[in-house]
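What follows is a short report on a single structure.
Per-chain numbering from 1; labels A, B and C assigned in written order.
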Amino acid sequence: MNSCFPIASVVIKELYRRKDFYVLFILTVLITLLFGSVNFFNDDRIARYLKDLCLLLIWIASLVIAVTTTARQIPAERESRTIFPLLAKPVGRGELIAGKFLGCWAACGLSLIVFYFFFGVISASREHTLHWAMYFQAMWLHWICLGIVVAMVLLGSIVFTAPSSNATICLIVIIGIMFAGGHLNGIAIQMRGARGTFVYAIYYLIPHLEWYNDVRDLVVHDWPSIDWLIWAGATVYGLFYSAFLLCITWLLFRRKSLTL
Amino acid sequence: MNSVVEIQDLRVEFPNRDLGRGRGSKVAVDGLNLRVNAGEVFGFLGPNGAGKTTTMNVLLGFVNATSGSASIFGVNVRQPIARKRIGYLPELTYYYKFLNTEELLRFYARIFRIPRHESEQRIDSVLKLVELESARKRLIKTYSKGMQQRVGLAQALINNPDLLILDEPTSGLDPLGRMKVRQIIQRLKEEGKTVFFSSHELGEVETVCDRVAILHEGKLRVEGPVAALVQQYQCDLEHVFLKIVGYQSNPPT
Amino acid sequence: MIRYFAAFLLTVCFTLATVLEAPFQRMRPTDNSSSGFLIALMGDSRRMFANHFFAEADAYFHSGFYPTIFDHAKPEGASHLKEGPEKPGHEDHDESFLGPPKDWIDAFGRHFYPNIHTHLSNGNEREILPWLKLSAEMDPSRIETYVTAAYWLRSTLNKPAEAEEFLREGLRANPDSYEILLELGRIYLYNKKDPRVARNIWVLARQKWEKRDKAGDNSDERHAYEEIIGETLVADRDLKDLKAQEADLEELIRISPSKGTLEPQLEDVKTKLAAQNK
């Protein structure tokens, strides 16, 4: 498994040598500052709308970084043929998958640190206080969520040939889950019968990314931090789901011919 | 003599779904038996589609054999450990654009778990060998095709391998680039390395190889020392090759 | 060649811009509405955004405890943005739209979003203002937006000047709105302590209401009329104008269902008026 770390380090290098991250970060900063400069009824203590907007932009940027960075990893290795000299070394396919996952996930984590630091600055400048525990929990759970996203996109990159179609399909699925995933049970109950059972099965099967996304509301509206046991539960759920998706990815990739 | 590469009754068949067209399957390699001895330069020849790259892909674990077996240093090629002592140069590879050569080689050295101080020495040594010392800090995306091919050679040599597998190492290079690659192979031979390479450049094969094997339509047609083949067929290697693949030249009318 | 083509494209763009400028200017409304550009750009879809932003303000008022489109019911007393200070006992575990958890995923997921019914207080009501401002920008004809924002600005945030400015902005877009005039009068009476101006505004509000009533547009807005007369009565009390108070009370008794509390007040005013005339 030691080969995972060099592979991961190349992915991280790729992130900070490409322009994607900088463009998204600068856009987030500019849009947040632009909205922050708007004067609403001469009240400079209004903070929540700005926190809301900033967090929304951070979520969008992080999803774009996670999906686009991950979607191109395996296809780019195959297209440029670097996968051949790499796998010609004592590197197993499982290690390649694990290394790519670790790299993308760590790259997302580093991006999140930068983004949340900016969020903390914006929040503190308005509210003159920092809710450390809540912000840490939000960032951590955001990162765990991105772990599931990265694993999902990595699986997609084995199934779909083109990175663009993989990225599009994964983004639609992720946004769909965040928007409606938690409500599928209600829909299933209304449907009843076989269709209801089918929807309920989907509800249990999908990764509940909406949990992690919902934390935004707690941060924006200054709710107290989540019970640490619940936080740990969400972390374990996310890690298990990522591991599950990675196992499927490995099973598919293990048998896949690289030459055709 | 110790055999480094051993292939027995190798058969590789690509099923229909992999080819993505028509019915039936394609036999890429059929009943191949081959042995490469330690310290020799072995030329693997054949026209396009003969099964050379497929055989190499089996040796490297990229493709699973339908039947038969292949081993490197006595270890089944399906085991990643079999690749510990080999260096591989694929045909036409575009290495990570966002890295420079030094970083690329350091990355591959880390995969082999070469200690840091040793890897720095290896990087210096291979960069000197492939004459890329002056460009070591430049991003690979700024390199010419010939330089990229030399980066490929450098990465193949980073672990000081005992066996080098080179897939058309001079493909797409200008005469100067080809000469440089040839010189590198000669030096490796002098160092006692085993080199297994495929090429279409028969003149260069004749110059550097100890033994050759000619493959046609997935089957091994001939194998032996270059000098012996030339003597047997009473012509140069190019004509030997053409005779074996069944090429009939029409005299000008 | 490419340079010539680029120059040609630039010329085409410039020409198009000059040609399109005139129709664009004609499309712009002639009133002073700040949303003229938005109207031209977004058309009627801006009303949808305005409604969304108003709902967002309501969600903020509940600190994020708000139903999604999947939750068919609205929280108890939907959109009670203008309900005033929080009633005791209101802040409790209200699961009116959530219902009991359906499964473990639902139960576990409830830890990650606001699941307690609360209202903003202690000046935090300011957090709803950006959404109300945006809602007004999107749809200047949405009177409720101006009234709600002004209510919080004047009542808890101590910003009567800003409230008045916003209401006047609303009044320019809705010159016939008695609702905005009613709220504007309150600023003059309760914040600026100027009952005379407040009274004049409410007289105008009453005229606007009656005008709309005659047109048959606001048959269900009786309550607003009651409020206008009620507030006028308060101003008249401050002005110590017994004659006017008598007229206000008579009108209130005529329209109000709770005559019982008003009649003694009218008697009292009449007594004072008789004593004054002696």
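The criterion applied here is as follows: a residue touches a chain if its C-beta (ideal position, glycine included) is under 8 Å from a C-beta of that chain, and two chains touch if they have at least 3 such contacts.
This is a predicted model, so every value here is computed, not measured.
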Joint neighbours of chain C and chain B, given as chain labels: A
Hey, which chain is the most central one here, using CA centres? A
So, what's the distance in Å between the C-alpha centres of chain C and chain B? 78
Could you tell me the distance, in whole angstrom, between the mean C-alpha positions of chain A and chain C? 40
If you look only at chain C, which of its residues touch chain A in the complex? 60, 63-64, 68, 70, 102-103, 105-106, 108-109, 111-114, 123, 126-127, 129-131, 133, 149, 153, 157, 159, 162, 166
Complex contact set, residues of chain B against chain A: 14, 18-20, 53-54, 57, 60-63, 80-81, 83-84, 86, 88-96, 98-99, 103, 107-108, 110-113, 152, 155-156, 159, 165
Using the touch definition up top, name the residues of chain A that touch chain B in the complex. 2-3, 5-7, 9-10, 13-14, 17-18, 80-82, 84-92, 257-260
For chain A, which residues count as touching chain C in their complex? 38, 40-43, 45-49, 141, 180, 182-183, 185-187, 189, 203-204, 208, 210-212, 214-215, 217-218, 220-223, 226-227, 230, 233-234
